[in-house]
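In the part that follows, the structures are each spelled out as structure tokens.
First chain A sits with chain B, and in the next complex the same chain sits with chain C.
And then the complex of A and B:
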């Protein structure tokens, strides 16, 4: 008989520590864009662009995803993360310290900072992946989520390994082919880890929140495998300059990504609930951005005129890193955080505030509208750095609103907890 | 009968989801009388579902595995939380409180869905592994849901 951890929900502070820090990095990313729009729009290879990409990818995206995974694993695959309190504390500290070091390195602090950032991030993410990997290895849930999350974990490992190698290269410790490795690092991080994770989580939460039919099982199972196979082919083809193999890989990756976005939009169109809440709009915005990112990346790959290379690279980055993933992340946070606040309070006794009393609709709606406007301006920034700079400012504003919304949830939690006496004994299953 | 234990219970989850979607929609439109009828249908179906699990399925699982304090205890606890939210829904409906109904509904829905996910992906398969294909048990479960 396998151990079923159906209620080893971590303490509230474990995921919230990550969620509360992410908006700070998100606002920082917008600010950096505003201050360095000229350099960021000009080239994806400028140090400022690398700094900005990692503020978004590590400080914002991985931050929320790492916290959410600790919370979701018991529900999604019935397997708790070992030593979750300690892990949350250590990996949160390490992720933020490592991101700071890395961003400083890109902004000119010197080569040794790359080595330091690489070492901190490698140690942190190795520990995180060790614990999460153990949980995923033990899990025995049926359904397509578990294999998707396992592939996402493998891809995160690959991303970290590639990133560490790059840090050694940039730290002038080891001579490595930087350009090829950057391509691989970005692809494994965004498609192998982030998209696979989003897919695995979507298989659970899209039917859950919007009462859609389930994802068709063959599609849901094939998608992460297709991403893995596409990345494998593409990775084998890129460094060897073996173009046909790389091209097949790229085609598989683009097809799989479009299939996921289209399937999700289709399911949501057949939702049994009126899809008017903020989370539904976040999904639409995020998936449309994902499709636009695939379109600009495909055009880039299929051979655009040389003058369009840099603009298309910029747009791919805008639609994926500033558009798609942040929108999906906000949509998830606006469901997870109010539910967790209710869940933890309801265990203390009757009278817990319900989900709509924790955050409400106006705050999230303000964030999504601001974020959507920011993405439009950032995309228009391809024509003028001034537009990109104002897009950056709006992006920062949207993340400030996200932070305020989460702060409201925390204060509701604190007030309600103070007003409630301990009525019930500890819930079953809690340690 | 060809459907498995897991299939029968999962199908019933879906039927309950649909009943809830109707109640939520009517309440959202302010058609309180109809919402009341739909909510009754939903909570009645859920009451049959929860009590069938508690009185038929879980005891069988507990007897076959000797596990009492584990997953079934958690499921029973969440059943109680659901029943409490059904009460809040009925109160909001009686008061024609649209915001209250929507809020209690959202909370109930997320709780119910994550509960159902855990059952469908983990507990029901574990029950099938522990209990094999027990035709008599399946019949009692199916009868309880009707």
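And then the complex of A and C:
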């Protein structure tokens, strides 16, 4: 009774194709910021800003999250994704093609490109959500991760539907209220999908890899529900003009986001590995950026002077899209990828490298330091586009380092597998 | 029925799995092993199902999963 059962685990290449592509988009986002800093810092409504936002949100964030879910569902909630090899292949291709089309559309390729991007992304993400939704519906986990992931999936569906409607509007196929839909699309994507997903995964990986106590169950169950309720109230209030309802929704959203960040920081403060783990610093950077994003968004919502409106919108974007989620994603990748390498090599018998031997500490440390400096410069970009451009270049550098770190993990995997192959032949279905 | 406990909370993977598997190998017939973790161990469930063990899991308010394992008939 020693071998691990991996029957439900997807092959290693299924999540890794997403993980390997994401740093390319991340570096691209940094370069785009460097080249178009003046336009991006001036307004959240410029086409260049929309292009940059979607390079980060689709090319980097959703890329990693979509790949991670394929791997995490069997491990975290005990339910495999059906037809996972085919789904990984098709959804990876569709997500990248759709993102390229959308970014080209924003950068001036023409209205038809919005419709094409919308169709590709809708078809891809509908197929992805169908398979992942089936897995979540079949799952039998009893903890708070499963409801959080189910809410995240529902929110991704809402985000995709709103995005497709916007693509039809921008493609001049259907007349839609663009501004209101943009607000709803962004809120459901960032708070409904991304934050619920991060929370659901954090309930597993923070205690597991950072050796903290667990999230208290009542808190862990309440947070995703509060985010869903807040989004529901806010979504009903904004387009219908019910300002008090929208205000309650916004307050619930802000409180739930702060509660998640504060609870996680509190748990990390009592970690047995306190101060020694670079990925914990990724989490601290991400959570502090999340709190800053809530602060700037709250000031915007509560009524800032008109002159501060554009700068605060820019800062909210920097802290959430360039700061919080990329840092949290790196923190997770630096644990999940070594864990997967160990897990898949362990299948072959003894001799698998330990998790901390797969990537090591210096590489992740270089990324988190570069990323933190990038966020500081990007935030300072509110005063000078030159600083924002420098921040973009550093952000690109940090994602190049992330890509190199993941390449190191793959190299360790290949070398160890080659060594083991001399002792034992490959089992069927090996990656 | 007597019981043994493996507390895997606060241990870095794969140590909890390794200790649980070692404890199960040494578990006398009729005895129960209780595993304490901060997550539900689905990869371990797959091993237990394959090898004829029965298990039941409860979640406590502090986030501890209490997994009771014994050899099935």
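The definition used in the following text is that the second predicted complex is superposed on the first by the 413 of 431 C-alpha atoms of A that agree within 3 Å, B and C clash if a C-alpha of one lies under 4 Å from a C-alpha of the other, contacts with A are read in each partner's own complex, and residues count from 1 in each chain.
Here is the rule we go by: a contact is a pair of C-beta atoms (placed from the backbone, for glycine too) under 8 Å apart; a residue touches a chain by one contact, two chains touch by 3 or more.
Predicted model, so just to flag it, every value in this text is computed and none were measured.
After overlaying the two complexes on the shared chain, residue contacts for A:68 are found with neither chain B nor chain C. Once the two complexes are laid over each other on the shared chain, residue contacts for A:131 go to neither chain B nor chain C.
Once the two complexes are laid over each other on the shared chain, residue contacts for A:40 go to neither chain B nor chain C.
In the superposition on chain A, A:342 makes contact with both chain B and chain C.
By the document's definition of touching, both partners, chain B and chain C, reach A:143. By the touch criterion stated above, A:226 is placed in contact with neither chain B nor chain C.
Contacts of A:272 after superposition: both chain B and chain C are touched. When the two structures are aligned on the shared chain, A:81 is found in touch with neither chain B nor chain C. Shared-chain residue A:218: touches chain C; no touch with chain B. Touched by chain B in one complex and by chain C in the other are residues 1-4, 6-7, 75-78, 141-143, 204, 207-209, 211, 272, 339, 342-343, 346, 355 of chain A.
Considering their complex, residues 1-4, 6-7, 75-78, 140-143, 145, 204, 207-209, 211, 272-274, 335, 339, 342-343, 346, 350, 354-357, 427-429 of chain A touch chain B. By the touch rule above, chain B contacts chain A in their complex via residues 17-18, 20-21, 24-25, 28, 65, 67, 69-71, 73-75, 77, 81, 84, 88, 99-100, 102-104, 106-107, 109-111, 113-114, 117-118, 120-123, 125-126, 129-130. By the touch criterion stated above, chain C contacts chain A in their complex at residues 9-14, 17, 21, 24-25, 38-40, 42-43, 45-47, 50-51, 57, 59-65.
Of all the residues in chain A, the ones that touch chain C in their complex are 1-9, 74-78, 141-143, 203-204, 207-209, 211, 213-218, 220, 272, 339, 342-343, 346, 355.
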